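Two complexes, one shared chain (chain A), two partners (chain B, chain C).
Then we have the complex of A and B:
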């Protein structure tokens, strides 16, 4: 307690330098919070969007389906196991059939993936309800595509485009589809080079009647009974890629946080070295008054560490309004930021979790404790008589 | 002369490294100090006064010989034990006062007691008593920077005395003071010496201080040249 009291008195007594250090450290602290809050917010948004647009609460895959190997798509389709069909009938799952196809927009050739979805499905956010067929024209194929694909293929609502695919027998067939809507999504993996058409239409086009490649589950579906080799993939499994990318980004944030912190800590370190050098006489006096060296080291260490406590308080004072404002307005992201292939919104709403804040606080306090302590070890080796004379050590 | 001996120096020698050789700052000092003595080390600058006081104060160890202070052999004490000896047994008064600038007068005096486990009410009483002794009770809340040199030295005396140590070491306490203040602080210490029977050892080359001393030990080149006691009038 004595040490703490002394530390505060000394800090407040030493004025400008203290506040300079505290300010720098508080800026580092707030930026760390901001940066991690942004990443956490992004991560949560990306996961939520990916769940809502692509993976649902889990999926059941055809035994041969491998999303990383498009060559498997041609063979990974079969009748849906009965346990799953009942889920689909209840509306708790949506079947998707995949077919690789080539599209020829404006004379160009683009490899695409046609996904058959049930227009009535409510599991994914894909606007499948817009896929209304024309009963008088069996040749009419309504399709929805994402805005990124629309842009890269120069397609817009109302455009017709020729697509060519192989049916179940491997025979090529070609038809025109009509873009009935272009949707905006934060999830590039349901957008780029993907065409959504009514499930029954695709089954008919490919002669894969009643078949599907994968089933997307709603959160009401629970863990389905696995049948006929179809395998259940839970959300964690399906989010793995995303989580890996986020982990890499988080790693980058550690580096930046570390650099920021290092600058602030360097200032504290420097102040500590200087203050031990300048306050030798004070150190000698403490020892003459009967303080153990350990206690003197404690005083100086606590004094240095107190910078971080003040910095956190100061950081809270200006950081909380600042961070709250950013949370309210969101952080605008450059429109091409999603080229990285990871779901990203136009605006990220940062998320400041208690755990993240606590970790940052502990990080700041502990690291300042370390840099405060290191110079003070010099005190232990100091001769009190030299210290009292203010002799340069 | 029945008072017990509290400081014994036997062949105390102190050498400091000086380049490739050594410099002998104290040379086989033989001295004893009894409880209640008001004595002083006198000698020119560089004669070893501070070095000797530092050894008696357990801030330094003799290179050779034995220094026994309040029953403890200085050379055999651990850091912690010597801190304890200073904390409970020895008060220091420095030429440059060495007050803690960020502390009030009260806090400076209380500091010595905070290291001991003394209850807050007892501490308050002891601090106020000590400030009364030196006539600064009304400046308790002041910062050292607002005090005169004489006042600072009186705060330092209060700080040294508040824990009622057996021994007070005062290293040239009047060197930075004018004549009036010099008299005043030595008189204050003399009074405390009588009232509390505290042993004082000064180092000084100030005539004004010397006239109050009961015993003057003349040091020269690290050796005791003379050891004079004032005859009791």
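Then we have the complex of A and C:
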């Protein structure tokens, strides 16, 4: 207890030097919280959006379907296995049929992917309910597209665009589709160069009756029985790319956190070295009065470590309102931030989890403990008489 | 590249030229029956078929901002064997293409690799042109896969033409319907249009500079255009061509690719 009292007394006695160290460390602490909070918020938002817009609670793929190999798309279609058909009938799954196509907006040629979705599906957030067919006009093909594709192809609601595709036998066909809606999504992989039209219409256009390429499952679907070579992919598998990217980003955040901490801790280290140099007589006096060297080392180590505790308190004082404000307003992202192909919103809402905060606190306290202790090791080897005369260092 | 011209020869020009030689061009009825149309295609095919041919040709691909020309030399034997070596530009020079009994291999000197083009790779564009590998691989005779009718008469570049309409009678075919304008005296196609099942015009080929080569009429320029996109399309120009030459067997082997 005496060590603690002395440590705090000495620390506050140092005045401006202490508060400068504390301020620098508090800035580092708050920035670490901010950066990690932003990444965690992005990660949560990206996973949530990807699940809602693209992957559902899992998917069942046609045996030949490989999303990374567009050459497989033309062959990856067949009748839906009976075990999965029942899920679709219950509304717990949605069938999607893929066909490669070429769109010709304004004489330009854009390779696209036509996706047939059931207008009544509720599994994904794609606004498929807007895909209302006109029974009086069998040639009418309603389509919804994402805002990114609409922008790049210069298309807007109400536009008609010529699309060419091949049917199941490889025969070319071409017709105009009508853009009935342009939707906004944070998930570029369901947006870029993709056209959503009614499932039955695409089946008719391609002569792929009752067929599908993949099935998206809802929360209620559970793990379906795999049949006829169709394979079940769970959320972990489907989110792997996103998680890998986030893990890489986290790696980057460790580097930034490390640099910030290093700057702040360097100040504490310098302070400790200076304290031991300037307070040799004080150290000699402690030992002459009967204090063990270990206790003296403890006093100086506690002094240094207390910087971090004060920094955390100060950081909370100014950082909590600042971080809460950011959480409320969100962090605006540049308009081309999603060009890498991963889901990212216009604004990221940071998420400050208890685990992340606790980890950051422990990291700051432990690292300051270490840098506070290292300079004090010299005290262990000193002689009290030399110390009293100021000759230990 | 001459695969491409060859493809058109096979499918269009060949049949019509034969009709001229054997049947007499102007005697075809305008409102002919399906049988008449088929007879034209068969005879043109017979006429333009040669035992083999060697040709030097160029392909000019027109883009939105610029164009590029690729030259090549080709050796062709019948419908099933063909070998092409690209001569220029430097980026394509040394690339070789071998077609043997429905299979296609390409050797790329930059990668020093021979790859087989199959499956859906066949649907890719040849050297960025308006044609796909599939276009040049389809060896089936038009008369085998299309029902033909004579739709009327017309004039193209001051030459009388017979208009043929072709409708697919098989499922596995790229173009459901085609329309062909055939010179009624020389029996060589001057224009061809390919349509989607919906009736949408997809591609157009125009044959120009019809020349007498040995005992045949031959289009030395074919302009091929994807009608759905802007641009001038792709031009195939035959600079020199000779028929029924002595071609060593090793030309049509995979060993000749390297």
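The working rule: the second predicted complex is superposed on the first by the 392 of 393 C-alpha atoms of A that agree within 3 Å, B and C clash if a C-alpha of one lies under 4 Å from a C-alpha of the other, contacts with A are read in each partner's own complex, and residues count from 1 in each chain.
Note that in this section a residue touches a chain if its C-beta (ideal position, glycine included) is under 8 Å from a C-beta of that chain, and two chains touch if they have at least 3 such contacts.
The model shown is predicted, which means the values in this text are computed figures rather than measured ones.
Novice: Report for A:173: first if it touches chain B alone, second if chain C alone, otherwise both or neither.
Specialist: In the superposition, A:173 touches chain C alone.
Novice: First (chain B), second (chain C), both or neither: which does A:104 touch?
Specialist: After superposing on A, A:104 lies in contact with chain C but is clear of chain B.
Novice: So, A:71: does it touch chain B (first), chain C (second), both, or neither?
Specialist: The answer is second: A:71 touches chain C but not chain B.
Novice: Of the partners chain B and chain C, which touch A:282 in the superposed model: first, second, both, neither?
Specialist: After superposing on A, A:282 lies in contact with chain B but is clear of chain C.
Novice: Classify the contacts of A:164 with the two partner chains as first (chain B alone), second (chain C alone), both, or neither.
Specialist: second
Novice: Which bits of chain C are touching chain A when the two form their complex?
Specialist: On the chain C side, the touching residues are 119-121, 123, 134, 168, 171-176, 194, 196-198, 200, 202, 226, 228-230.
Novice: Report the residues of chain B in contact with chain A in the complex, numbered from low to high.
Specialist: Residues in contact with chain A: 51, 54, 57, 59-60, 79-80, 83-88, 90, 92, 94, 96, 98, 100-103, 107, 111-112, 114-115, 159.
Novice: What does chain A use to touch chain B in their complex?
Specialist: 2, 9-10, 12-14, 281-282, 284-285, 287-295, 383-385, 388
Novice: With touch defined as at the start, can you tell me which chain A residues reach chain C in the complex?
Specialist: 71, 74-75, 102, 104, 107-109, 139, 162, 164, 166-167, 169-175
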